[in-house]
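Just below sit the structures, each encoded as structure tokens.
Two complexes are shown next, each including subunit A; its partner changes from subunit B in the first to subunit C in the second.
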Partner chain A sequence: MAQEPKKRLDLHGVICPMNFVKTKLALEDLTPGDLLEIIIDEGDAMLNVPRSIKEEGHKIIKVIPLGETFQILIEKGQS
Partner chain B sequence: MSSSVREIDLAAYKKVGMIQQKQQEYFAMRLHGVGGDFTAAQIKKVVEVAEKYGRSQIHLSTRQGIEIHFVHYTMLEEARMELEKAGIMMGACGPRVRVVTACPGEATCRWGIIDTKPVSQDLDKKYFRQDTPHKFKMAVTGCPHNCAKATENDLGIMGGILPHWQKESCTHCDLCIHSCPTQAIYQKSGEYHFDESKCIYCSICTSNCPTNSWVAAKKGYTLWIGGTMGKVPRLASRLKVLIETQDELYQLVERIIEYYQANGKKRERFGHMIDRLGEAKVKEEILSGTRA
Partner chain C sequence: MNLTESQIERYSRHIILKDVGGSGQEKILQSKVLIIGVGGLGAPAALYLAAAGVGTIGIVDADSVDLSNLQRQIIHFTADVGRAKVVSAQAKMEAINPDVKVVPYQTRVYSENIAEIIQDYDFIIDGTDNFPTKFLVNDACVLAGKPFSHGGILRFNGQTMTYVPGNACYRCVFPEPPPKGAVPTCSQAGILGAVAGMLGTIQAAEALRYIIGKGKLLTNRLLTFNALDMEFRTINLHQNHRCAICGEEPSITELIDYELPACDLRGGNHA
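Then we have the complex of A and B:
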């Protein structure tokens, strides 16, 4: 279960919707079932990015708060 | 046709949104558009009228309305007829129920919980221009993001949901805990709990949950009363949370407006009347239907 993320993306300071666009592009390079780890800001990013990830068919596995940011582990969905 | 601006019944004009400017021979024509909705054809007509009867000056009001400024008093009736022929009615000013404002709601917004358009249309049909002690403003907002500022209006309607956690499908990712805007969700011995006293019924948890383990147990309208900006601002008080039927909502709206009409002093906003009489008493009397 302790699968390692295939890719990590620090999106601290990257505003909406660019943070999601970058997340989406990173996910495109992975195969379904792979994990992507991103760091996003609290506030607007936390409101919008998780929902967009869900709408694109991917799944959030874990959310860990890191100060003013959050570390989010995403599993790429079946495309 | 009045031969002098002095012969005009200014109060009657004001009632239908024709407002005298400080340049006394000129008027602002305030138009009626519920929830800020106009068709493209209507906007074309507004442009035409502003060019023909005004000085091509169109003002977008703070209440989603359109005003055509600098219409000479001798041209008002003609301009009004031309607008009405295109299906654009006049607005309102003075101590009465004003045009209802609304956000786009569920029809187009990803966060919208209620369909704001039919609700704002219904309220407008029934109450627009009814006389009240002072101005009375209503707003309908699709969800607790509150874009239509329900809490800054004398009467505000806000969509909302009551979340419920389904243990079986949950994978404990903790997204709900970290995205709840009021920290109403917490974890205790491996289970999620939520504190309804902190919940604002916003639907962020149910919308975001990756496994749909947070579901809406209830969906409805939250009713706010007594909000106002102006000289003495006051945010609205919550009258009732998640009213589930439109019948109950409309019955309460009826009682609220009647209550204000019966108890408000002249030029006293609804919220200030509530503070004068006591919030608990007013709420109780409106909810129970016992009129003062």
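Then we have the complex of A and C:
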């Protein structure tokens, strides 16, 4: 049974590092185990944002390509 | 999270840091730091703390900007010569960051006024330029249970330690001011401007790390450096149980105004 994301963020067109900053702030408002869904651009954003998310101890659950963007499902880790 | 869009952008490089984040930045925005002396040490500290978004910054200095200050006191500009240092500093801090509330105190600190000035603040930065005031700041902070950063500079040298209640205080390490004339002042011995910037910036970093509660402060450690050879070292310290102010049987129970050297009287609280 798939869990629903607690929050969705469309960061299409938001450049580095503000896309990560917004993602990080959204994750801070959730509790560990909650899901966050974000949309980010291909290229720099896709190269950097998922890596930074993982470095902060969160888990990437799913990545779905959507044209020039990617939909990423993140599970908030224990902080 | 109550950060505005422009705050998120302004503080983005803080928020990205794993040890700061949005919650750490909010702590910074809610914090209150007092800087005693807006001179060589206080100038960089005031600029960095204002830029960082420290919510309330008190600045204490009785002096006016002198042409000979400008080589190191980078918060003051040539056009400020003759203006009160607190007025000059406040203008720059507000220009850097309108989030910050600056509270100017155009006075020296002495035994009669220091307790009232420090009482509203979370952390105090000692940016003074003379031993009597450094001991006064230490004793007042110990008696009030306030954390503070000690800083001292001379020629190419700097030293700093951080006091948090329960750890070594300045007087644990240096029980008494040195005899008058034993240590020259900056005005007699000289100071490389960038050395003041290095030390004042370390003090600002201590204040910020205290506020966010991350990392290991310079408590029970004295950091010294010699910028002529660019060598740093830290010396481990212990609380002195016979310390006259924070020991088990303190002999100092009220604040002391040690005599200021006559040549420093017009110098104000600046390094």
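The rule is short, and it goes like this: the second predicted complex is superposed on the first by the 78 of 79 C-alpha atoms of A that agree within 3 Å, B and C clash if a C-alpha of one lies under 4 Å from a C-alpha of the other, contacts with A are read in each partner's own complex, and residues count from 1 in each chain.
The criterion applied here is as follows: a contact is a pair of C-beta atoms (placed from the backbone, for glycine too) under 8 Å apart; a residue touches a chain by one contact, two chains touch by 3 or more.
Everything quoted here is computed from the prediction, not taken from an experiment.
> Sticking to the clash and touch definitions up top, decide whether subunit B and subunit C on subunit A clash or fit.
fit
> If we overlay the two complexes on their shared chain A, which of subunit B and subunit C does A:47 touch? Say first, second, both or neither.
first
> Per the contact definition in the header, classify A:8: touching subunit B only (first), subunit C only (second), both, or neither.
Neither subunit B nor subunit C is touched by A:8.
> Go through the superposed model and pick first if A:70 touches only subunit B, second if only subunit C, both, or neither.
First partner only.
> Output check: A:24 vs subunit B and subunit C. Expected answer is one of first, second, both, neither. What do you get?
So A:24 only meets subunit C here.
> On the A-aligned overlay, A:56 touches which partner chain: subunit B = first, subunit C = second, or both, or neither?
The second partner, subunit C, only.
> Could you tell me the angle at the CA centre of subunit A between the CA centres of subunit B and subunit C, given to the nearest 10 degrees?
One gets 70 degrees for this angle.
> Would you give the minimum C-alpha distance from subunit B to subunit C, in Å, for the three-chain superposition?
10
> For the complex, give me every residue of subunit A touching subunit C.
Interface residues on the subunit A side: 17-18, 20-22, 24-25, 28-29, 52, 55-56.
> What part of subunit C is in contact with subunit A in the complex they form?
Residues in contact with subunit A: 1, 3, 8-9, 12-13, 15-16, 18, 21-23.
> So in the complex, which bits of subunit B are touching subunit A?
Touching subunit A from subunit B are residues 110, 171, 173-175, 177-179, 181, 204, 207-208, 210-211.
> Sort out for me which residues of subunit A touch subunit B in the complex.
46-47, 50-51, 53-54, 59-65, 70, 72
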